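These are the structures in question, set out in turn.
Okay, so subunit A shows up in both of these, paired with subunit B first and subunit C after.
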Partner chain A sequence: MHKQGRTGIWFLIFSVLTAVLFLANLWYGSVLISWKDVLAVLVGQSGEDSVYEVIILNYRLPQAITALAVGIALSVAGLVLQTVFRNPLAGPSVLGISSGASLGVAIVVSAGSLAGLELLNQSYLVFDIPLVLAAVTGSLLVLLIIIFVAQRISNVVTILIIGIMIGYTVSAVVGVIQFFSREEELHAYILWGLGSFSKTNNAQAIFLLVISVLLTIVVLSYSKGLNALLLGTAYARSSGINVKVTQNMLLVVAGLLVALGTVFTGPVAFVGLAVPHLARNFFKTSAHGLLIPAVIVMGASLTLACNLAAKLPGYDTSLPINAVTSLIGAPVVIWVIVKRGKVKKT
Partner chain B sequence: MNPLLKIKGLKTGFRYKKGRSVSLHRDLNFDLFKGQFITVLGPNGAGKSTLLKTLLGYQKALGGEVFYGNTPLESIPVKELAKRTAVVLTDKLDESFLTVYDIVATGRYPYTGITGRLTEQDDEVIREAVAMVEMTDFITRYFHHLSDGEKQKVMIARAVAQKTPLIILDEPVAYVDAPSKIEIMELLLTLSHEHGIGILMATHDLEAAVRFSDRLWLLGSRGEIAEGSPQELLENGVINRFFDKNNIILNREKIIFEKKLKI
Partner chain C sequence: MIYPLIKLYKMAPQRFAYLLLTVSILTIFSCNPKQNKPEIASLFDAIPDSLLVSKVLYASGFDLYEVHQIRKLVVYHPELPGTIIATFYIADSSVLTDFEVRNAPNIIKLNSERAAVFSATQLNAFDKLSLLGHVIGITEGEYINNRHIKEKLEKGEIIELGANNHFFIEKIMSVQPDYIFYSPYKFTAKHPLKVTGIPLIPFYDYHENTPLGRAEWVKFSAAFFDGYARADSLFKDIERQYTTYRSLTKDVASKPTVFSDKYFNGQWYVPGGKSYIATLFKDAGADYLWKDDQHTGSFPLDYEIVYSKAYEADFWRIVGSYDDIPSYDALAEENSLYENFKAFKTKHVLWCDAQKTAYFERSSLEPHLVLADLIFAFHPKVLPGYQPKYYHILE
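Now for the complex of A and B:
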């Protein structure tokens, strides 16, 4: 209704930024390819230089799509978790949901290794369905525990601490599984844990993007319930919202988004926690009808930017994406806490 | 004329595990009619909030029945109940970038589709409600930048925007300064007497209750119940019984509490 001009401008800026960063991800890498050649490949007129076509279409394109999808999935999930738990510091990794997904992956990988399969290696594509299912099961299981706790304890800090403890416990179990794994699996799992957007092929990347967008549409359809929940459960109920059903539905969707955003790339820290705060502060709104689109464009540009930053000039390989997002995300969290402290004082 | 809200043989209290329960008040029989301003009055901890929560279905009654019109409370779905009664609670809102408009708009949610898209008519209702509480100049302000009194007026606007025949308020003036208190009480009076909305307010503020409400429902801390107009309950000394402490008594003429004079 109001302040729409400002919201519109920021939305335009970040949409353009997302598009530019997406193209930059196709252009920039260890092999130098000129803008003209990138465009030529994209419009299908690359001609003789088919090496560029392979590099761009088979390596950089799925990577860029994956970064885009994971950015959307984790940011939307983070926003949902923060609103439903009424906790500014809630997020996929803080509540142990990412760890749950990791546990699922670890169990399936080591079970596969006992059966003589190498799930995290080249044969990945064939076996991604059990991995996805395991990650989904793991993250939903942790969410279930958190919901169970949240229904009995209303203190948000207590729930957070319990979430962090669940994360530690799950990581410990993963550690035990790793101890009994063969060296190759261990290596593969550790690499997975560092996070990378480059482990997907085009089919997986598009699958990831389509499901993330579909789940985001589900979240968007709940923006009324999310807004009402900002006033607390009693007020939400007085607005005619069926609070329990809405909360549970949203948490399941958030769990699915986290699992998807984790299974193909490894855990990507801080995106889910930081992006909703960045979006609120740029767009100056908490109304979810505006905030969800804002979170989408900001999350997508952040992960695309991180993926660019991870490609060090002069090196063939990329930095672990988990490290890059942590370097950017952790200061954001500190900034949020400091800022809230200031607001309380004045 | 049918009452908006009918309470029949209601027993309020808490139910614990293993079938144990603690009752606060039993055999409550009250009616609230269109355009009435009724105050649930009692000392702190008497069970006023428990009664309101029971009436709203947030908490189960230990016995008896609550009717909205002719419909028993337990057969009214959440969304339908939101069209029959709006609320103003003591719950504090979390910090957010919600504007006054955004908050009042949630009052329209019982009437919107699943996405919560507001029609032009909704927009009009929201602006009218904000104008009624004289907050139009603040409509694009962030809720968290307002004073406690202004916040409370916004929550009342939200209830008004819900267009319900009844508004239930829990301690609406507990945290606001004296001028805002009078302003809010006058506002509630206008809503009931001029707009025909039933008002049910819980408070421990005796002076405000006696001065503004049509009838009082008295709830004592030891399960006592009384009902009547402020005038009669003052004159027959019933209010004194509910509020007097050892050495502090109510001065019925001035409606203030004083230390008892030793005779």
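Now for the complex of A and C:
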């Protein structure tokens, strides 16, 4: 009873935090806009001066929605990967899945120059199908290799190491492609790699959010299977679950989530790895029926907070989001681990 | 090889010391032969500063002096004005026989037949000065628009010595140009070309933030060859036309506001208030929105900062990159945020097609035409019937 109450409180706190941070993202930016003006724009009474309306509705709103969607997508994907591989170090960037998406993007960018297209140069890729397809294909390919290996080698550490090695190999291929790229392509790719939530318009951001939520619902429907997998494949099998199908289905969904989160914003580091740990720490549970909603609210508040932190106060420009998530994410994870270590000792 | 080393090791310490001393003395003498010829630098040092007048009037990146048929070329650090990073002495080989030239890579023989030129703008200057016959190597041949250079590349009279930002070091060493005009992105003492041992001559025209200063670098290239007078008259002509055009906007009644460039991957790189294009805007009688800024190059800003300042600006200047399709529809498709600017709504986008006009290659030696294009856009009545070359208002 007591535990459930605490879980409920944490869930409430992080839900409210997500909402507050979402509004803060609309309010705070390089251009100072008062609360009243933000509210006026949101209720559609901004009047004559449409400058604020454009800034809030066309620039800050898609950014906030994208941050929200990416936070959900990467956190849920990270949780699924950690459970399926039964490894706390599994995550989109660790297993090379983000690198797979990056490879897809790099190939399209340099192939684009061959075909006379300038894909990344256009900051607003209106459902840029080749780019999305390439990122999804890249990340799913890496996942397929990992699944293939996982079916033959049961040792999770070995699988993890192989994942890391695939990540290095894919990064090396990306490096070679970059070496032969033109200067402007290189610049485009580097900027893409630094990450930014401000490259989507409202339609894309909402598309991203809807797909992320739909895929999360798919994951939620597998929460019993995830719980069973956490206790080992033998246990899962004995409880009547088709282990192979469940595993593969979950990994494909995770791969799609990572690819979607990556293609519009660039590879966002740390969120997928860190958020499941934070969620387990705060919610003190390993039941996926609770953990999935928990990573949703925590992941969303983390990316929204990072997007706020990226807008440096007093400066007219923003930091790359990838740097901010790592700068905030790494100390948080270390703090959590150290704190948990202390608790265990006493 | 090992045997003498063992012998040395076994030698008594005193005798070893004598041996070292003898070797050192011999080395010192062999490197310091009797100096019976004067050094070129001392020739210039002897002349008082007041008598040494530079031929350079506008450019801040170099100075050029000439004494007794010897040219002294001083190159300054592109970011630290006045800090000398290199000095070259250029003279005909008949003049050089009177001077000490050994161990002096900064003494250059006039009229080399084997120069490597790694900057597209400088190659354009070579073409204008009819000096292409002196060039044996270039880089990034794929992006060169100049017909003459392309022909020479195909015939093999000019060789590509680098591409995609990488130098073909071994090829450069096998071709052995007399010197390399290079154009590093940033000044660094440890440039990858250093390893070739070939004299490197930095060419920093793009760091000049005034149009006449940038055009004056034509004198820099010409200083290495006989036809200097041609560069001098070419520049005088540019200067005359530029100042004539500039004087047209002195008395314009109103100055339209203008902003520049596009959003790119989350950042809007805005040209600084002391930049090349800011000078052109001013001279063309426009009011550049960031004119009070102190940057000489571009700097990144958030979209919302640019929008809040420029949403009512009269003109929007864009230099399209290689594969851009210039149209309002394409702009709107690239980024729906663009549609909110007044300059977009009133169809006042001032576009330069970088590929068709070879803007990056040629415009630095035609600043008067760039200026006239801008004046024609901002104040069409001042230049009735003018045909723009680089910039036109997007229809």
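Convention: the second predicted complex is superposed on the first by the 325 of 346 C-alpha atoms of A that agree within 3 Å, B and C clash if a C-alpha of one lies under 4 Å from a C-alpha of the other, contacts with A are read in each partner's own complex, and residues count from 1 in each chain.
The rule is short, and it goes like this: a contact is a pair of C-beta atoms (placed from the backbone, for glycine too) under 8 Å apart; a residue touches a chain by one contact, two chains touch by 3 or more.
The model shown is predicted, which means the values in this text are computed figures rather than measured ones.
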Subunit B versus subunit C as contact partner of A:Ser221, first or second or both or neither: first
First (subunit B), second (subunit C), both or neither touched by A:Gly8: neither
Partner chain in contact with A:Ser239 - subunit B first, subunit C second, else both or neither: first
Which superposed partner A:Lys284 touches (first subunit B, second subunit C, both, neither): first
Larger contact residue set on subunit A - subunit B or subunit C: C
Which superposed partner A:Val51 touches (first subunit B, second subunit C, both, neither): second
Touched partner set for A:Phe180, first subunit B, second subunit C, both or neither: second
Subunit B versus subunit C as contact partner of A:Leu230, first or second or both or neither: first
Which of subunit B and subunit C A:Pro331 touches, first, second, both or neither: neither
Subunit A residues contacted in one complex by subunit B, in the other by subunit C: none
Subunit A partner contacts - residues on subunit B that touch it in the complex: 56, 58, 78-83, 86-87, 89, 91, 93-99, 101-103, 105-107, 109-110, 112, 114-116, 123, 139-140, 162
In the complex, subunit A residues that touch subunit C: 29-31, 50-51, 54-55, 58-60, 116-118, 120-124, 126, 179-184, 186, 188, 191-192, 196, 198-199, 201, 311, 316-318, 320
Contacting residues of subunit C [partner subunit A, same complex]: 164-166, 263-267, 299-305, 307-308, 311, 321-324, 333-337, 340
Interfacial residue positions of subunit A with respect to subunit B in the complex: 1-3, 86, 220-221, 223-224, 227-228, 230-232, 234-235, 237-242, 280, 284-287, 289, 340, 343
